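Note sheet for the following structure.
The chains carry the letters A, B and C, assigned in the order they are written, with residues numbered from 1 in each.
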Amino acid sequence: MTLAIVLACAGALLALAAFAVAIGRSAAASRIVYGASMIVAAISLATAAMHLLGGRAPESLTLPVGVPWLGSHFRLDALSAFFLVVVDFGALCASLFALGYGEHETAPGRVLPFYSAFLAGMTLVVIADDAFTFLLSWEFMSLSSWALVMSHHRVPDNVRAGYVYLVMASFGTLSLLLGFGLLAGPDGFYTFEQMRAAHPSAALSALALILALIGAGSKAGIVPLHAWLPLAHPAAPSHVSALMSGVMTKVAVYGFVRIAFELAGAPAWWWSIVVLALGGITAVMGVLYALMQHDLKRLLAYHTVENIGIIFIGLGLALAFKSYGMPFAAALALTAALLHVFNHSLFKSLLFFGAGAVLTATGERDMEHLGGLIHRMPQTAFVFLVGCAAISALPPLNGFVSEWLTFQAMLLSPQLPSWGLKLLVPAVGALLALSAALAAACFVKAYGVTFLGRPRTPAAESAVETDRFSLAAMMLLAAFCLLIGVLPGLFIDALAPVSSALIGAHMPEQTGTQWLAIVPIGASRSSYDGLLVFLFMVIAGTLAAFAIHRLASDRLRRAPAWDCGYPDPNPATQYTATSFAEPIRRVFGTMVFRASEHVEMPPPGDTRPARLTVHITDPIWDAIYLPLAAGIGFAADRLNRLQFLTIRQFLSLVFGALVFLLLVLAVWS
Amino acid sequence: MSRIDFDTAHLLAGSLVLISFLELYQDRLYALLNVYAMHALVLAASVAWQAFVQDAPHLYITAAIALVFKAIIIPVTLHRMIVRLGIHREIEKAVGVGPVMLAGIGLVALSMVVMLRVTHEADPLAREDLAFALSVILLGLLMMVTRRNAVSQVVGFMSLENGLVLAATGAKGMPLVVEISVAFSILIAFIVIGIFLFRIRERFDTVDVQALDRFRGERR
Amino acid sequence: MVLITDLAIQGAQMLLVLFLAPLFTGLVRKVKARLLRRQGPPLIQPYLDLVRLMRKEVVLADSASWLFRVIPYLIFAATWVAASLVPTFRTGLLFSWSADLIAIIALLGSGRFFLALAGLDVGTSFGGIGSSREVMIASLAEPAMIMIVFTLALIAGSTQLSTIAEFMVSPQVGLRVSLGLALVGLVMVAIAENGRVPIDNPATHLELTMVHEAMVLEYSGRHLALIEIAASLKLILYVSLLACLFVPWGIESTGASVPTLAVGILAYLGKLALGAFLLALFETSIAKMRVFRVPEFLGMALMLGLLATLLRFVSGSF
């Protein structure tokens, strides 16, 4: 029943896409399309949430469309329901935001149809139950998001972004295709039901896992397959960027979780080492890249890479515990990772919406041309601050809860007997802590340079607040960030069916603990009470305000800034994003990015300005992508000769191929 | 072997590893010599504790040798030597503290893995002390590899020898004659190195070993 | 009945740290001055400073926003809540289970986040200097602190500070290598987080040497009073943390009888005095580092924390 509703919603979105093609030119088109997708997403969200929270049994459905002898299988179980909640909540907020933001779209006909198609694709991936349907929906999702990336195709950067995205998406689908092929086996068991029942050999399941890691990981953004993400995500319109960063990467995580925890059989002990190592490197590299950026949307896209790293660290720990038969610890790690999936979709969407609001208000994406927006756009500034605080894992918001749970899972890992894990987990813990601290630095920079300070350009000086719909979407997300931070026990209990299904155990019941604290392992071991921390902070702040009000003077006077007696009216003298990141660039960037600074001072008498140039290289692009692209170009050049053969040579090629195949047939049979 | 004996031996061995890390961190020669003196002091304390715990009085002599020679005489001599060489104000340009520290951690992890796996059946105190001793040896080698100044390389060599002494005393029953012969061979090596340092300095006006590379015979 | 006494003790702890914080700062300054053969300001000078600041008018820059005015209260609230959860004279605080050591560090981290934002708010270059240096220091100090917390949690079996403190008082703890490494690391991190010499000079107003002072340069009046007392609270928090973890004698775990509490409070005051003396001695005997030597210093602390955690992972007896 619930599955039928979800399928109907997906169908409705596809129909809406077709409808949007028809009404693309009309003035109210964007309102209609976004409003309708919001309603459909809300229905789907309610259904999925009911399925997850009600603890229902999995439902299956087979439609006669698709591959003739197979049909399309769909299934709604706890894992699908959870990811459906993530997808639909993101879609709901994005549609609400776009009701206001979409009015500023210059080419709505290029965005609207593909938007609904994108939502439909993501919904279908999550409920697919056989390899063909999964891959078809996956490709559909990639292609519709590619079309959205190319919607502003006159910008040259976007064209390059679209090209790289297409190449990487195809590569990822190829990997997944091969992986599913291996799992299907020689008898062609393409449905997930058959794959669950099969018991593949260790080598086969290992290979399938690696292919799934490459395929799903490239879509999620694992280093070194992340290169397309910071190009493509900023190129799309802001609500689509939020969906791509906040939701599509999570659909990729869903793909990986489905294969690694269910379809590929029992995990081997070394799988977790690969996943943990990749997760740790991704987390640190992502945030270091983000710190070097001064384009707001590109910074957010790179930061998504870091959070995907954190999620994969949690998944790696869960795999480790599962392979050594420690189900409760595995449940803790898995719950931490899945809670971070939901949290990240919330605050990343919020931040991208804020960036979109700034973009429409000022026309600028570059932080170094902004500043002082807190005075001009106060409500946007407030919700953006909540998003920055949440993503920097500050209590009592939600980012801290998932990070705390991941740390608690790490503290259980000395019990793992493998030496490799004993040495790797502390190192990954250090990398996780490092990335969390650097993320806070990154968002101090992003918020401080964009919203605080003085306006650096006339565009920033004349910004106006965004419309009600955008603000409503952002406030809804900010409210949920606070809610999850203050009442995390409810959300942990909601995830219990998922970990029961995948691992066979779940975290202890969190409702009914004293004062709504969360107790991941045992009360004597560790606990965290978001509600109490929040109340304490409020009480302490109120007491301080009250005491100050009674005891201190309340006079206040505005004056020019003190600035140690050297006030400068020119806003160009305040810190820019590049200068803010300079100490961190010197400490970490010289090693990782070969960062160097170069100052050109003109000789005395010359009136040209001095120039400071910062030179950063991308080590992964230079070491992996450029040689690969060069190799492919070289091979393509060589093969190009095939175009210019004479007729006799073409005929002899055909003749030679025929003779060869006959020989093979003769020898082999 | 009571708890407190165990823990104190571990504490002293672990302090030796910590001081090896501090040596890697120093970039001024005076500070490096002071840290090396502390290294030898902690070694003497560790050997004396082993003598007390294992009830082996000849180890007290080893501890005394470590204290007198390595903690007092050698640092003072090196001190005078670098003042005569005139390099006491130099700041060492080592490979860069960050990568060296990371390499050091990796080496400690490696020696833990190797020692604790290989010596599965042995006495737990000895195993873990051996693991620490191997770490000190590897860190001493790391110091020799990542430094350009010849005096720093000598200090690395000396701390390597300290690690060897720690390993030998940790395993029960190191006879005194072994210690004496090792100590004297180190002393001879030290004198020879000292003579060479002055000759190098006379000839090439520097003790930077990278610079010596320029004067080698055949080049690429 | 027990609930009332526990509540009273928690409340007493909160008020105790709040009132002792300026006295601790005053003691450190006095000892430093005496070591430098000066008379030094009176011990209660920080209290007099706070009163003076509260009576003064706030001069707010034209470009300062509402966030600038709210941040001192946020910082004070976060730091006071964190300081109330560190056991000083008695473990087993009533609300110790609501926030463990990781949460305490994160609360201090949120204070630092907002302080860095305050530095950027007015749009001057000094504020930017302070904020960018502060986040650089934090990017290494916080991971080092988390590694130290891991070590302590792996030794004591919990991240709950009261449980760790009780474990440290009990005889099972022994002299462990990883505890020694954690002690050295924690001292280094404490110096960095509180902006003491050699990381930052708390008494300077020179651009070359400012980190904390640069961020609060534009604050005045009651806002500056809140920030100053938050900084003192942070310092006393770290000293109390070092005391309850590594010098735990005198802390009571249960019982609320007057003699045990009195012993606990006297022991705590003694530890604070010792801590003040050692800090002043350390600050006068070492010069401030160049800013770009600080990452090496903190990198060393991170390595020590990582090494201690690694040793605990490798073997339970380290």
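Criterion: contacts are C-beta pairs under 8 Å (C-beta built on N, C-alpha and C of every residue); 3 or more make two chains touch, one makes a residue touch a chain.
Nothing here was measured: the structure is a model prediction, and the numbers come from that model.
Undergrad: Looking only at C-beta pair counts, which chain-chain interface has the most contacts?
TA: Here the largest contact count links A-C.
Undergrad: Taking the mean of each chain's Cα atoms, which chain ends up nearest the overall Cα mean?
TA: If one averages C-alpha positions chain by chain, the most central is A.
Undergrad: Whole-Å distance, chain A centre to chain B centre, using C-alpha means?
TA: Centre-to-centre distance between chain A and chain B: 49 Å.
Undergrad: At what distance in angstrom does the C-alpha mean of chain C lie from that of chain A?
TA: One centre to the other, that is 35 Å.
Undergrad: Which positions in chain A touch two or more other chains at once?
TA: Those would be 423.
Undergrad: Using the touch rule from the top of the page, what residues of chain C touch 2 or more other chains?
TA: Correct list: 295, 306, 310, 314.
Undergrad: Show the residues in chain B shared as contacts by 2 or more other chains, in ascending order.
TA: 98, 109, 113
Undergrad: Give the list of chain B residues in touch with chain C in this complex.
TA: Its residues touching chain C are 3-4, 6-8, 10-11, 13-15, 17-18, 21, 25, 97-98, 101-102, 104-105, 108-109, 112-113, 116, 124, 128.
Undergrad: Quick check: in the complex, which residue numbers of chain B touch chain A?
TA: Touch residues, chain B against chain A: 96, 98-99, 109, 113, 117.
Undergrad: Can you check the complex and tell me which residues of chain C touch chain B?
TA: Against chain B, chain C makes touches at 174-178, 180-181, 184, 295-296, 299-300, 303-304, 306-307, 310-311, 314-315, 317-318.
Undergrad: Would you mind writing out the residues of chain C in touch with chain A in their complex?
TA: Contacts found on chain C: 54-67, 73-74, 76-78, 80-81, 84, 95, 97-100, 102-103, 106-107, 109-110, 112-113, 116-117, 119-129, 131-133, 135-136, 138-143, 146-147, 150, 153-154, 157-160, 163, 205, 207, 217-218, 221-222, 225-226, 291-292, 295, 302, 305-306, 309-310, 312-314, 316.
Undergrad: Across the complex, what residues on chain A touch chain B?
TA: Residues 419, 423, 591.
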